[in-house]
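Each of the next two complexes has chain A plus one more chain, namely chain B in the first and chain C in the second.
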Partner chain A sequence: MRSLHIEGDSVLHRLPAGVKLATLAVISLVLFKIDIPGLLAVAALAGLVGHALLRISTAEIWHRMRPFALIVVVVALFTAVFSGTTEGLTAFFRLAALALFASLVTATTTTGDFIDVITKAAMPLERLGVLRAQDVGLSIGLVIRFVPEILSRYEIIRDAHYARGLKPRPLSIIVPLIITTLRSADEIAVAIDARGIRSQK
Partner chain B sequence: MATRDLVLSALFAAIIVALGLVPPIMLGFIPVPITAQSLGVMLAGVVLGAKRGTIAVLLVLVLAAIGLPVLSGGRGGLAVFMAPTTGYLIGWVLAAFTTGYLSQLLVSHSQAGFVQTVNFFVAALFGGVIVLYVCGISYLALVTGLGFSKAFMGSLAFIPGDVLKALIAALAGRAVMVGYPLLPQRA
Partner chain C sequence: MDIHFDKVEVRFEGRTVIHPLDLTLSERRIGIIGLNGSGKTTIARMINGLVKPSSGRVTVNGFDTLAQEDEARGQSGFIFQNPQNQIILPLLREDIALGLKSRKLSKTDVTAAVDAVLDRFGIRHLGDRRAHELSGGELQLAALASVLVTQPKILVMDEPTNQLDIKNRNLVEETIRTLPEDVIVISHDLNLVEGMERVLLVRGGRIAADGEPARVIGEYRAMHGVPA
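Up next is the complex of A and B:
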């Protein structure tokens, strides 16, 4: 599982993650206040230029934006057909700009920086006794650690189907996958507690 | 929160991520492939209950937000939270919570197997379909300015598949309850 972060030392890379997230929030609010397609097109273009400055290929930019292209085009076409061309263009450029700016923050911020921001943001919740801020990083680490293991478990169960001449069915795959995975929870929890990972402050 | 519950939530989050990476599963009787990730959201509620299920789904969304391509089709990054379909992602959290809450409320060990399955189905249908679509359609309607009727029409095609997923989640939920019971919640 490769992160969508791109190595570099541009101005965006050097800005603190918290600042980037706050700016993104403000920009998204502003984009919804603007109703002029031309101005929104300039914003979308700026987002695109931002990507170009990261020194990644056009193919890579397209690869990043492709998951959003279809839904943005569909919504824009719907809007254009039912509310008029201007509204359709407004929707298209607004949604494209939003996705591009968000993608820029993702590309220039490391996973570790994000986890630090989340941990800091969780501190007030910790004081309220809702959660422990340190748990955020621990949980994220656990998920990343276990995805490959679950995938190989999935392959084992699927191969067991083939070995018996059965077609893999959702139910007969998912149930053993969940049970075998969750069964390891006790051992993992004991291992975490034995190392005192959660008690460290 | 006990370490075991934290681990259970994290493991289930990993299952949801993995379900987005495996190729879509074909069902025997309809020719449409089922993307298993939204099934994972219902399963989180059905298997883990409200609190742990919600945390599992939140973890998946946090992973997506910090730039890991954990959503089906390799989607991830902050852009997924700035898209017209973001309402469905927010809906995942409420869907897992509702499904989990209703599962805890309706299903008990003393019930017959069939009754348990039906109750799990009601929970998954209410949480994973009704609550999910109310969130997704409202967001689509308000944020894009499409209006509710058009947003509803655009989403209609996906509802039958999700009803089917609720059924699979119910059957799986009952089977997991027999094999490795986690409900009613010990935490």
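Up next is the complex of A and C:
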């Protein structure tokens, strides 16, 4: 399985995961308060500079951003058509900056650290008897774990089309992608049970 | 080990997968052989509580896999046919630590336990590697480490040498031979099960032969017309 985390010893790598997530939340709120495209473009550029400082190559940045690129472009186009060019640019740079900052967090935080911080954050709910904090942490960790895996699966299915001389079409990609992902999720669930990760009291 | 199958039957969608089974497993090394779909994996999965009997009961070291699920599951570790399915988190070190999460150990204790199990298999250098970067043999050792960190008394392995080249197969076979834990191995690799104390041959959801490896393997070969 692939990982969004990138090995390193930068300041961001050393920062506690909780601090990074809280900062990301604050930055997200600020980005949604700003509606000047130029300022948002600077924010997006800052996100790119952050990647460069972590020595993440352009190809890797594109690989990480690709799943969001379509959403960002579609939302920006719709906004531009229905609300005007300035609003479209605002939406584009805002979402791009958000995705880039989030990518900086996932690049410098291991899945285990994500699970730890989310489990701690959910502890008050566990004390109220609403849920098991460990389950929440594990669920979010698994979501992060599955993002690159789904991308890898997409590439395998696409290549299988090419290998058979077929042109990949959305439906012929999405159906096997959903089936293999669900099957994999089932296998992971069995492994979690087998290793007693959830069941121990 | 002390495992009892007491009149155990397993049915799936109206089909009987395991016919009424009475079995006691107490040897330290047990092999289970049989054709694909014969029911050997179902039997093995019942030991870890991954498959529940439709009727009857399975006890592992005195714990009922239905009534005392957590305690029974804590007795055994299960290694899947494809170790990729077993590694849950990308980095090996954090995946091994995940097995200890619910034990509420301190970070220092978790690190010590992870280092100890990595050292045990001589793979500490792989701790910070990602699962997809490991070779087949390394992945199998990683799966072993991820299971044995919780110190189960019994290890159940489903086709541990499947898909391995000759070098990695040798490495994994040697590791299995030297494990201090009790081991149950399901395998098509007859060389591997030959070294066990007892071998079960499963056929059509029933135990078709049970006993000393050479005899049971001989019966298996004869049953399918395969010369020794």
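Heads up, the rule we're going with is that the second predicted complex is superposed on the first by the 130 of 201 C-alpha atoms of A that agree within 3 Å, B and C clash if a C-alpha of one lies under 4 Å from a C-alpha of the other, contacts with A are read in each partner's own complex, and residues count from 1 in each chain.
In the analysis below, contacts are C-beta pairs under 8 Å (C-beta built on N, C-alpha and C of every residue); 3 or more make two chains touch, one makes a residue touch a chain.
Every value quoted in this text rests on a predicted model; they were computed, and no experiment measured them.
After overlaying the two complexes on the shared chain, residue contacts for A:H5 are found with chain B and with chain C alike.
In the superposition on chain A, contact of A:G38 is made with neither chain B nor chain C.
In the superposed model, A:T79 lies in contact with chain B only, and not with chain C.
Once the two complexes are laid over each other on the shared chain, residue contacts for A:P124 go to neither chain B nor chain C.
Of the two partner chains, chain B and chain C are each touched by A:I188. When both complexes are overlaid on chain A, the residue A:T111 reaches chain B and chain C alike. When the shared chain is aligned, chain B comes close enough to touch A:L24, but chain C does not. Counting the residues of chain A that each partner touches, chain B and chain C differ, and the larger count belongs to B. Contacts of A:G196 after superposition on the shared chain: chain C is touched, whereas chain B is not. Shared-chain residue A:P16: touches no atom of chain B or chain C.
Contacts of chain A with chain B, set against its contacts with chain C after fitting on chain A, overlap at residues 1-3, 5, 110-111, 115, 142, 145, 184, 188, 192-193, 198. Looking at the complex, you find that chain C touches chain A at residues 48-50, 69-70, 73-74, 77-78, 80, 84-91, 94, 97-99, 101-103, 128, 130-132, 146-147, 150. Touching chain C in their complex are the following residues of chain A: 1-3, 5, 7, 110-112, 115, 134, 141-142, 145, 184, 187-188, 190-201.
Residue ranges of chain B in contact with chain A, taken from their complex: 1-4, 6-15, 17-18, 21-22, 25, 27-28, 34, 36, 39, 43, 47, 55, 59-60, 62-63, 65-70, 73-85, 140, 143-147, 150, 154, 168, 171-172, 175-176, 179-180, 182.
Within the complex formed with chain B, the chain A residues making contact are 1-5, 24, 28, 32, 64-65, 67-68, 71-72, 74-75, 78-79, 82-83, 87, 91, 95, 98-103, 105-107, 109-111, 114-115, 118, 131-132, 135-136, 138-140, 142-147, 149-151, 154, 167-171, 173-175, 177-179, 181-186, 188-189, 192-193, 198.
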